[in-house]
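Chains: A, B, C and D, in written order; residue numbering restarts at 1 for each.
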Amino acid sequence: MGSPADAIPDHAPQRTPELAPDLSALAARLRRVRRHSEELIAPLEPEDLGLQGMADASPPKWHLGHTSWFFETFLLEPRLRGWEPADRRWGYLFNSYYDAVGARHPRPQRGLLSRPTIAEVLAWRRRVDAGLEALLAELEGWEVPQAAAVLALLELGLQHEQQHQELLLMDLLDGFSRNPLEPAYAKGAAAPEAAYETAWSGASAADLSTTPETGGWLELDGGLMEIGHGGDGSFHFDNEAPRHRQWLEPFAIATQLVSNRNYAAFIADDGYRRPEFWMSEGWAVVQSRGWQAPRYWRGAEWEFTLAGRRPRHPEAPVRHLSWFEADAYARWGGARLPSEAEWEQAAARLPGAFGLLWQWTASPYRPYPGFRTAAGAVGEYNGKFMSSQFVLRGSCFLTPAGHARLTYRNFFPPSSRWLAGGLRLAR
Amino acid sequence: MGSPADAIPDHAPQRTPELAPDLSALAARLRRVRRHSEELIAPLEPEDLGLQGMADASPPKWHLGHTSWFFETFLLEPRLRGWEPADRRWGYLFNSYYDAVGARHPRPQRGLLSRPTIAEVLAWRRRVDAGLEALLAELEGWEVPQAAAVLALLELGLQHEQQHQELLLMDLLDGFSRNPLEPAYAKGAAAPEAAYETAWSGASAADLSTTPETGGWLELDGGLMEIGHGGDGSFHFDNEAPRHRQWLEPFAIATQLVSNRNYAAFIADDGYRRPEFWMSEGWAVVQSRGWQAPRYWRGAEWEFTLAGRRPRHPEAPVRHLSWFEADAYARWGGARLPSEAEWEQAAARLPGAFGLLWQWTASPYRPYPGFRTAAGAVGEYNGKFMSSQFVLRGSCFLTPAGHARLTYRNFFPPSSRWLAGGLRLAR
Amino acid sequence: MGSPADAIPDHAPQRTPELAPDLSALAARLRRVRRHSEELIAPLEPEDLGLQGMADASPPKWHLGHTSWFFETFLLEPRLRGWEPADRRWGYLFNSYYDAVGARHPRPQRGLLSRPTIAEVLAWRRRVDAGLEALLAELEGWEVPQAAAVLALLELGLQHEQQHQELLLMDLLDGFSRNPLEPAYAKGAAAPEAAYETAWSGASAADLSTTPETGGWLELDGGLMEIGHGGDGSFHFDNEAPRHRQWLEPFAIATQLVSNRNYAAFIADDGYRRPEFWMSEGWAVVQSRGWQAPRYWRGAEWEFTLAGRRPRHPEAPVRHLSWFEADAYARWGGARLPSEAEWEQAAARLPGAFGLLWQWTASPYRPYPGFRTAAGAVGEYNGKFMSSQFVLRGSCFLTPAGHARLTYRNFFPPSSRWLAGGLRLAR
Amino acid sequence: MGSPADAIPDHAPQRTPELAPDLSALAARLRRVRRHSEELIAPLEPEDLGLQGMADASPPKWHLGHTSWFFETFLLEPRLRGWEPADRRWGYLFNSYYDAVGARHPRPQRGLLSRPTIAEVLAWRRRVDAGLEALLAELEGWEVPQAAAVLALLELGLQHEQQHQELLLMDLLDGFSRNPLEPAYAKGAAAPEAAYETAWSGASAADLSTTPETGGWLELDGGLMEIGHGGDGSFHFDNEAPRHRQWLEPFAIATQLVSNRNYAAFIADDGYRRPEFWMSEGWAVVQSRGWQAPRYWRGAEWEFTLAGRRPRHPEAPVRHLSWFEADAYARWGGARLPSEAEWEQAAARLPGAFGLLWQWTASPYRPYPGFRTAAGAVGEYNGKFMSSQFVLRGSCFLTPAGHARLTYRNFFPPSSRWLAGGLRLAR
């Protein structure tokens, strides 16, 4: 991840497709991203590759197959002459949720796909990589619009694969957490936890104006602001656009994420037993699932991580809690969650905005005014999830380098806890 | 209901509590509202009083008890010296969702309460009415702040009872709809349907600029607007405040509600079988519940109503559909739902804004900036439902006279269909 | 009920159909049985008539309608010239489970049928009664086989109605038990509890050979026995025939039913927390439903009854427990449940065999060797339930006079507790 | 499997424990059985080892671990001095259902145990094997009762492991069947299907008295029979004893199993759409699960097997159907299922009694008169499942050699289809 200071994306101009980009640099980036997915499974045992802890998660092998399917389905099949897709049935197995592309294997049963084997999936990745390189090699002679369309889809596929790299690790953590043996994905410097610890140490040090009790607050004037991605040609998902105006009242936002110590005080004050802090829907979830602490807390002093069971550092940001818990904590603390517009206005001046934990906002995930989905099946990427979910902003310690962005809108249902989410307060 | 022109509430200054209002007028209003609840069950058979069609609905008898419980619990017990509450267990039976007041009977089992009998519930209502009158009579001599608090709670109780009058009829329609005999609540002029038909005829006539195909559009400039209730002393729920600024881009809003004829075209175009129009969450609901039309459509030409099975008028506004259906219809139509701010800006110029059907908006139900809940258990009234629901605006043909308001925010989960909801388009 | 000595049915020859029975006596019995159903609802409030506490139970009004439907469907419609059935849709509403007769209203939704009203149902009963009398009046001139078929169906309808009289009260107890107000069906001498108490006092007194600790045991030789109904022309259900041979080893059977005091000792010995006493399937039910005592026990000393909450008499037979509980208790006690053959061999010498509580046996409900179902839809009466249920023998304090029989096979799933069941041990 | 003629077990006197058996022969048998479990996973890919298709099934790796756990828990820990059990948590993971031994991992989540790895499980098997050999070597010097107890548990462990060998393959078939790629466990001579085909060809040839339409019937006199295991010292499970008398009426039993062709006629005659053939409980299952054919039929001519998708031979015995389907088929055919006593009387003269398919009987799984469970946790082996299940008799093509027995009582719930079950008729 690097230090928090580095983590604020600078939007350096990734060359835009229409300007005849440096294709060999793109090919290199493609190779790097694709290879990284495979590096992620290096520490795993063969049995881990099919592990699906719950319906919302997917096995590592499935992530590797699905990202190849994405390139094959949206790029190679329609654009590369002579491309022979994999076994037709694989399309059924590795489609995630694209209704326009046809039927698909039920999500909760991805863990039942002991076949194709990892060897077959990796071989397929090889073929897809070769296909993508062949397509890139062909592009020189194409008309600009056609070439630009290919490059846009290629970029989308890369970004998509990076999203799945992060998801693969979150899903794995969920799966491992259900095993009483508490397996570790990796230990020591190799574990993602190392990056996490480095990052929050840095974030704390960079705090603008702390007090012992509450951390610092950044006060911002309101007014008519602009948020969203401005369409400068750099990559963004459709849901980040268009850039548009929004009126903000003056607000304050915490410079630090809520820590384990902070959150433990909420629990000690019977936070999970006092309905007055909770949304009615969240209170029902607390009751029915018996929540008493964040998802991976274990006893008074431990938490479960990708490095196995480890001591819980009191000053580290609390993580793996739901929107309901974040919202209840904020109410208990006499504060609230920031809106995504507030977050976006403040982020450049906030330590830990990127690279630590996704941060729940008060904003339901809905389209920006003037939002348009992409044409075709790719249009299902984001737009169809715009009900009953909340936006998270920033990025987390599992987010691949270069994937974070100021205007990035992540989103999950309010009861989700397996994603690497935390919170900061506003008022 | 009156004509649509009448239906726009004028916010005539109901005297504010702190100004020593005309207490005898208030007492008269109180009697009128309380009596109206009982008039609503006059057409019912004894067996209907316990009918609960589903967990979300409540039996008529329960509504009558619960509204008394509200007055007793929040007003008489704490404020009227010597008040003896009903059987203590009734508090358990008739609490709807107030956690601060204690445990409560499970909502899905309200239909199992064959006791207390309607006679006992009506006798309780008599006692509560007498208690309220006694409390009003006492107020003259009180300090202003205490008296004002009582008057505010009394007003809240009245408004609360009016909400339940509307709910009682919606719930009853749901219950009757599950009986193959298709019972009618009332027929002819006595049926709420009569008011409904009068209202939409009037609304159509008053249309600003119709075209045969699409109805008319009202174009509005955007800019920095104010929405919400301004705190002029007139009654409003906490969720309508504070009045605050919001930036709106220019928009157009349909002058008419979507009609049965419009909606039938969506169905004929395979609207319920094409996932591209639907939120992912809504599409799952369509599949799992087998939705193929609005909730009460029966065959090609009929619908089920409080007057029994009746022909479905093609030009009447389509009703009893979920937010998911409203949203899908709008997308199919190349339009969208209005935000609640847009609706509020336009409402005064919109025929059918009030008195026909609640209108789904694009806005998730969330607190306004600066929102504060009331202190104590009454604070649970609105605030704790601000996740995973959508706002509806206006009022419907079942809304009691005088209960509608420009800033009123109604809210339901996006899959709800039993409420009297419809939609109008924006773009 | 009378005393236990009276309760052993004597199989006095009800005249068989083929011998030109005394039709006026039959008509009188018919009137008596039909009237008794209506007497059963006399103590109820109108709201109680639609009360359905769970999917397995039915509202009182439904029982009254269904028994009329049975006569109308199987007797009047096919046999009485010119008979005009009730509203065709009523057949849909009041069919219990006869697939051959057509579709039916879903069982869990019987409580949603606020219409037809009780007045309509009672008027229907009047019409059906009149139809049955008309049919009886016609019979004199018929051919013997046709007349005999009518008389057999009439007898079946009567027996069917008596079964529902007992069920109506069991179902009502279930429904009332879910109301925190603990309503009483009837108090004092009018309550079925009075008969219950008289009966078990008598049964205790008549005990053959008691010891303070365990009660007495009746020792019986085994050998080749005959069980089942012998077809002497007296009424019996199809599942009681044919009479057939069965080999029994010598056995002992308890002369008394297990008492509340006995059962409390099982609980005190952690009976509900020790899996070694339980069938695996039963243990899962104990866990998932949180069973800790029989269904209607309330605290240490009370139980809920049709007379409301009452002190639990330690010597009274324990009641309203499932087969799983009966079986676990027997295992804890170093004994077992009797098979139905053993019970039938011993019943004539057992106090309390009839008129107190149905007694769970060790026998799964399966057909006797040579079992034949009746032709037509009536054949669905018993035969299709012969999987995953257990047989109970005897009769209970709610069983109508004259309905008990030595060979009667009652049956319920092993987790059922709302029926008036108890147990006696064997070894 | 050998030919059907060979398949009837001859009860050759396995030397009884108390007679100082040939310990080296036992050690050799132990090695053979243990090794066979591991041979079964040889054709599998690593990913298959964790495959659990449904809650009722277990992954191959779990079967390998559980059978070791059984030996370790019941034999090595209590009896072998100095034995160090595996990681204590493994006891939690690999306990199947023994409540007396402590808590256990939830059955539906066995597929989530990607760890311990297969390498660790196999290493554990090595250690357990060594421990068992060490224990056997020690036995010479022990007192006879102690040694006999060890030998009895060793025999139980062996039989237990053989049961799991059969289950492993049935469970695997279930898991593979959920993969659209239709993987094959093994093809050609190596596949269990080869043994199956050999066996039914032989069985058909040996048929006693066939007719083209119905196959042959074996007529048997009834009378007072003995069934159950006689306790001659040969191994048997507790549920097969004691041998006891039972009265049978004369009966006929089919010499052949019902074939695919027979069963297809039932389907063609709308067997799955006519409730009159079904138990009420079974009919509900047919509706809710949408059954239209046996579990692994695929289209008109194929079935899914451990050799992958293969043509369905019309004369082969129909397999993988539930008791409900077997019972409905029999009723459609004007016949019934045999009782387990009838089956046991006839088996020696029935082709295909062993080695083809387990055969559903009409008998609920209940204890024989005088049944006693073993002392201690091993007593949970069979006795606690004696409700709501039905007995199957014989053995199937997946049953390990030497594991079949005339008195063997297999049992499954009536809706189970994944076991290799078929049926033969009786009347």
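Here is the rule we use: contacts are C-beta pairs under 8 Å (C-beta built on N, C-alpha and C of every residue); 3 or more make two chains touch, one makes a residue touch a chain.
Only a predicted model underlies this, so the values are computations on that prediction, with no experimental measurement involved.
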Graph distance between subunit A and subunit C, where chains that touch are linked: 2
Partner chains shared by subunit A and subunit D (touch criterion as defined above): none
Inter-centroid spacing, subunit B versus subunit A (mean Cα positions, whole Å): 39
CA centroid of subunit B to CA centroid of subunit C, Å: 47
Distance between the centres, which are taken as Cα means, of subunit D and subunit B, whole angstrom: 61
Where subunit D touches two or more other chains at once, by residue number: none
Contact pairs between chains, per stated definition: A-B, A-D, B-C, C-D
Contact footprint of subunit D on subunit A as seen in their complex: 45-53, 61, 87, 89, 92-93, 105, 109, 111-118, 175-176, 178-181, 183
Touching residues on subunit B, where the partner in the complex is subunit A: 97, 99-100, 224, 244-247, 249, 275-276, 278-283, 323-324, 327, 362-364, 366, 369-370, 379-380, 384-388, 390, 414
